[in-house]
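Take this structure, written in structure tokens, and hold onto it; I'll ask about it next.
Labels run A, B, C and D following the written order; every chain starts at residue 1.
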Amino acid sequence: MEQPTGSAAVSFEDARAVMEAQPFSRLLGTKLTAFRAGHAELRLVVRPELLQQGHFVHGGVLAYAADNAITFAGGSILGAAVLTKGLVIEYVRPAQGDFLRAAAHVVTRSGRHAVCRAEIYAVTGNNDMLCAVAQGTVSAVRPAP
Amino acid sequence: MEQPTGSAAVSFEDARAVMEAQPFSRLLGTKLTAFRAGHAELRLVVRPELLQQGHFVHGGVLAYAADNAITFAGGSILGAAVLTKGLVIEYVRPAQGDFLRAAAHVVTRSGRHAVCRAEIYAVTGNNDMLCAVAQGTVSAVRPAP
Amino acid sequence: MEQPTGSAAVSFEDARAVMEAQPFSRLLGTKLTAFRAGHAELRLVVRPELLQQGHFVHGGVLAYAADNAITFAGGSILGAAVLTKGLVIEYVRPAQGDFLRAAAHVVTRSGRHAVCRAEIYAVTGNNDMLCAVAQGTVSAVRPAP
Amino acid sequence: MEQPTGSAAVSFEDARAVMEAQPFSRLLGTKLTAFRAGHAELRLVVRPELLQQGHFVHGGVLAYAADNAITFAGGSILGAAVLTKGLVIEYVRPAQGDFLRAAAHVVTRSGRHAVCRAEIYAVTGNNDMLCAVAQGTVSAVRPAP
């Protein structure tokens, strides 16, 4: 696990404020539920508006959750000004449950870049079912010269 | 480009009905704007609810658009009962504009599987700006034995 | 971690024999150094023939090591008849050292499919430097009907 | 398609010299067969040493070919000092034939970065069989300050 640099430290409170400042995350009802150096977790309640034509959560919601969890995990060590450069997501099971939980962690940091992994679970009661597995890269935004 | 098999043929009308039957796509305002064997295109208007904390479209919306365009492209040759197994997306420019356009095509089909690629553009007037580049795999769902 | 099914059990000895039966792995000098349910590790000595134009191991060698470690990890729970369907690899540091070590594990299994992750290290003395981070999907080959 | 910048221009001859300077590419017998702004193609003869335990080319060889073709395509517009940051490869058919052909092109360039796609074919006589489909990112190396 990577150590945050002094300048990059972002508090849980600050990170939550960033999440609340994302209109799309508010539309989906996402809450940041854990945030520490190298780790971030978010949750969103499974509402009917988040489904595809069957009875499962739309893959796009899982991809959003993976993307956002990875961004916050990267930001936890790189600072608030980060961009996710890209990600891969594998859908392993249809997602059905009370809420989604996306947990991301930093695998390694190299300069301004962090490679992160995320798992997305559909949670029903005490049962966390792994639905998608992701990996992505986050980069600190370079200040304009 | 692959030829659809007789049994797999899905009309533009049928495909639009599938899109309309996705609550998450209705929430985002997605319209299927092109659909033929091996190709699908969708559009969604950039509303304030789709942004991240800056003034750009949330990466999760781009990932959703890539996922869904790839699913419909795969479905155009594999039939309506398909699942996207996974995808990779690279974000290449911040997305800002009047609407998003996601165009996907089938690169190759092998049995029940199709590898597809997609480009996601932010469109302002006559200017299509490429914002994300994706690749994914779609599989026809096997009927229960 | 997944449990192997009875029929799928592959011994370390059998797995080593598969590795030895791969001409390309012999060309590169790859040894299978660990193999148990859900986990596989391989090593290859860094010879001058494996470098790119600089003094680093060619990215293609790292991609090969990731691919093969993932295949063996998948095979450890799915049985010897498996195919890697695809993988993503992120190169995080130039690879330089005495040998490469690729460690892969199964994240989750769903039917005939397993999603695996791998880390590739360049090892010098007691120093394991993480050089690449990968994720891929392995599928058991369906017997011909 | 992107235009090379003046400073970045690399001739076919120079690019071939880079390929010849890669010991791993010499080990595999790779030849650069096409190179122009935004495009690169390489070929390698399918020798028994490149196979896996069956009669097919090892997936690691296909991943190497995709990686290298993508690097050269990126270098064609970004200049000779480039690094491939990562790639995804989907294996779509077993590779068997006289030689492999990997063709890569730049999809888009954004500053020092280029997103490229590649197709890898197994060629037998006049038959080009598509075996793998890849996408990756190449970055120009920043000179040390």
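Quick note on the criterion: a contact is a pair of C-beta atoms (placed from the backbone, for glycine too) under 8 Å apart; a residue touches a chain by one contact, two chains touch by 3 or more.
For clarity, every value in this text was computed on a predicted model and none was experimentally measured.
Averaging C-alpha coordinates per chain and comparing to chain C, the farthest chain turns out to be B. When the C-beta contacts at A-C and at C-D are tallied, the pair with the greater total is C-D.
Note on chain placement: the centre of chain B and the centre of chain C lie 33 Å apart, centres being C-alpha means. Put simply, the C-alpha centre of chain C and that of chain D have 22 angstrom between them. With centres set at the average Cα position, the gap from chain A to chain C is 27 Å. In chain A, the positions touching at least two other chains are 85-86, 88, 90, 137.
Listed in rising order, the residues of chain D touching chain A in the complex are 85-86, 88, 137. In the complex of the two chains, the chain C residues touching chain D come out as 18, 21-27, 48-53, 57-61, 63-68, 71, 83-91.
In the complex of the two chains, the chain D residues touching chain B come out as 88, 90, 92-93, 107-108, 110, 113, 115, 117, 119, 130, 133, 135, 137.
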